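Order of writing sets the labels: A, B and C. Residues in every chain begin at 1.
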Amino acid sequence: MPGACVGGTGEHRTSVTGLVPHSWLNALGIPPWVWGPLSVSLHAAIEATLVVAVVGCALGFLLAKGSFPGRGAIETAFSLPMALPPTVVGWYLLTQLGGPGPVRSAEVSLFGHPLTFTFTGIVVAQIVESFPYCLRFSRAAISGVDARFEQAARAMGLPQWRIALLVTLPLARRGVVAGAVMAFGRALGDFGATMIVAGSVPMATTMPIALYNAVFFGSHGQAMVLALVQLAVAFGLLFGVSRLGKVRPW
Amino acid sequence: MTAALELAVARQIGEFNLDVALTVESGMSVLFGPSGAGKSLTLALIAGLIRPDSGTITINGHVVTDCARRTYVSTQKRRIGMVFQDGLLLPHRSVIDNVALAVRQTRGRRARRAVARSWLERVGAEGLADRRPGSLSGGQRQRVALARGLAGDPALVLLDEPLSALDAEVRRELRKLIRGVIISSSVPAVLVTHDAEEAEELGDVIIGYNRGRVTGARVVDRPVCPGPASGAPESTGRA
Amino acid sequence: MEREPEAAPALDKRKKAAVISVVVLVGFGLGFGAAHLVARYIAYWDIVSGPFFLSLRVASAAIVIAGVTGVASGYVLAKGHFPGRDVLETIGSLPIILPPTVVGYYLLEVLSPGTQVGGFLTRVTGHVFVYNASGCIIAAAVAAYPFCLRAARSAIAGVDPALEQAARTMGLPNWRVASQVTLPLARRGIAAGLTIGCARALGEYGATLMIGGDINGRTRTLSLAILDSFTTPERDTMLLILVLMAVIAMTGVGLLGRSRA
């Protein structure tokens, strides 16, 4: 990751905009109250999407191709964040990451400190919230691959793992990519869970939280710009997904 | 001489009941009958894509399916080649990559591509090597599918209505090609069709199918063809 | 192998429908009664009931609005042949990944009496839409709408056109073809969309917060109330309710989706 470094509690990581000097950004007319939250959002969302894309695609493949019982239950369980209020998700994360328990001990041994109120905590919250999108899109796309291509590959003598890599996944790539894009968009747009896990630490403010603060404190000009940027990004991402074709995960 | 294929199986799907037994010694055997008679199902059973309810299948002397002993060799290990009605070439890879993927008896990318290229020449498709399947006409596609089915040095080739999706002219052209390539490569083949003319032109033995049963078999009178194949091809089907 | 035609299906279907309706109504009634009984024994029900019933009211109204508009627009998108259909669906799908605060911001801009559009609306309808339940309903409806839209469009587009053509040859006018052929055939997909829309409406937080203002008793829905009662004991009851609802919703979506596949 460009400019990534290990972040401590509340430390603002240099991120995507670490590549671009602040003076250039100022010269372009992009004020710090935009690129600050924007870089936090982008950095967190990119990290979250990398994790989600790999795990979500893998799990989607297992659920699509496997024949073990309880596949429906597993998909339902992992899809819960889509139906839960973000405050509930945030609460669970806060208590699991912050309060006593097995998760906390694991984090402390991995990261040296609990993840609440840190940048990494934001990434975790976004992973949880965006995972269902990637999972469902991937599972739907992989299930939708014409089984006969795989049969032809079996007749050619290819072992199962090569069939997965050379036939199934390439044929499903549009839906899988769409799932990753949706997950990225969802991560960028997360508000409730992020706010609860990370608090309003100024160094770890994402775009949606920045907009909320702007409205709350009455800075209408800032609010308008922040809202417009996020609207444009969401529209662009959705448009990209629609170009990738019809995959119906629900 | 070991029979290329010995099969005696039964399988029920919904209300349809298949119960057939047949033997293929060498040459091209045609399963001929109306749609829904169970011909394609038989091919799927031979390929190991579906399991029968009871019976055994033996390819080249190896038992690949034995329901009583619960033996099922996976499709990958059966050393078969398959040609499908709509080709089923991988759309995201070039023609030569598609055929090279089937070459399992050689190692090394370059060697495999060389084998693939020689097969493409034999089916008259060497100019298509770098094209994508999506840009091919139906006839071209089925030539490539034929090459792919044979490139893996199979012990048995299965062709499931390979020409049914093509129009009459192309079909006539390709019939000669299929017969020629398969006979000259000495690979036993089982071909499924519902077209009587095709059955006559392609088969050494025609095995009749109706409603899940073999209704009879007859050997097609053919002038002896010169070539590496020894003697006249034989095949019997028992009802 | 010929199938014999099923004997006298019409009468059996009506009987079946009647039985199912009775069972559902009785089930509802029993469930309601049971809920009231259980309510007496759930801890802190008096504190939880306020936000709980508010959430129910808001979500019910929202899903009706989102469902009707979603199915209608889904039908238009599925059947129409005008250019820009996909762009319209993209716009309608925005609330799925648009941050809820952005939704809340634009809703405030449109509905606040202080703004041009909002002021106009308030004068015309005599009703204020911000900082009260109406605002919450609108926010929840916006959250639910895209799911209803996409599910409806997909399900309606998936109906075999041959069946609709057959209905037309029988002389049915277009609106009857839609109501008696198309929509019933699409009901599974539409139901799945409504279910997940319901879940989203219940769980809406960010936009509701901004347009409702989190006023206790008026706009503090269950998802907002959880935040305010973080350290208090009634939080567990709220959590239980919300998680149960989410599980029911996603299970419903899963079942409806699978049976279609």
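Keep this in mind: contacts are C-beta pairs under 8 Å (C-beta built on N, C-alpha and C of every residue); 3 or more make two chains touch, one makes a residue touch a chain.
These figures come from a predicted structure and were not determined experimentally.
**Student:** Among the chains, which has its CA centre at the largest distance from subunit B's?
**Tutor:** Between subunit B and every other chain, the largest centroid distance is to C.
**Student:** Specify the chain with the shortest distance from its C-alpha centroid to the centroid of every protein C-alpha atom present.
**Tutor:** When every chain is reduced to its C-alpha mean, the one closest to the whole-protein mean is A.
**Student:** Which integer distance in Å separates the CA centroid of subunit B from that of subunit C?
**Tutor:** Between these chains, centre-to-centre, one finds 53 Å.
**Student:** Rounded to a whole Å, what is the gap between the Cα centroids of subunit A and subunit B?
**Tutor:** Each chain's C-alpha centroid was found; their separation is 48 Å.
**Student:** In angstrom, rounded to a whole number, how far apart do the mean CA points of subunit A and subunit C lie?
**Tutor:** The answer is 25 Å.
**Student:** Please give the residue numbers of subunit A that touch subunit C in the complex, ascending.
**Tutor:** Its residues touching subunit C are 72, 75-76, 79-80, 82-88, 91, 143, 182, 185-186, 188-192, 196, 207-209, 211-212, 215, 223, 227, 230-231, 234-235, 237-239, 242, 246, 248, 250.
**Student:** Taking the touch rule as given, give the residues of subunit B at its contact with subunit A in the complex, in rising order.
**Tutor:** It is residues 47-49, 74-77, 79-82, 84, 88, 90-92, 101-102, 104, 148, 152, 158 of subunit B that touch subunit A.
**Student:** Any idea which subunit C residues touch subunit A in the complex?
**Tutor:** Where subunit C meets subunit A, its residues are 86-87, 89-91, 93-94, 96-102, 104-106, 108, 147, 150-151, 154, 192-193, 196, 199-200, 202-206, 209-210, 222-224, 226-227, 230, 235, 239, 242-243, 245-247, 249-251, 253-255, 257-258, 261.
**Student:** Please give the residue numbers of subunit A that touch subunit B in the complex, ascending.
**Tutor:** 148-149, 151-160, 166-167, 170-171
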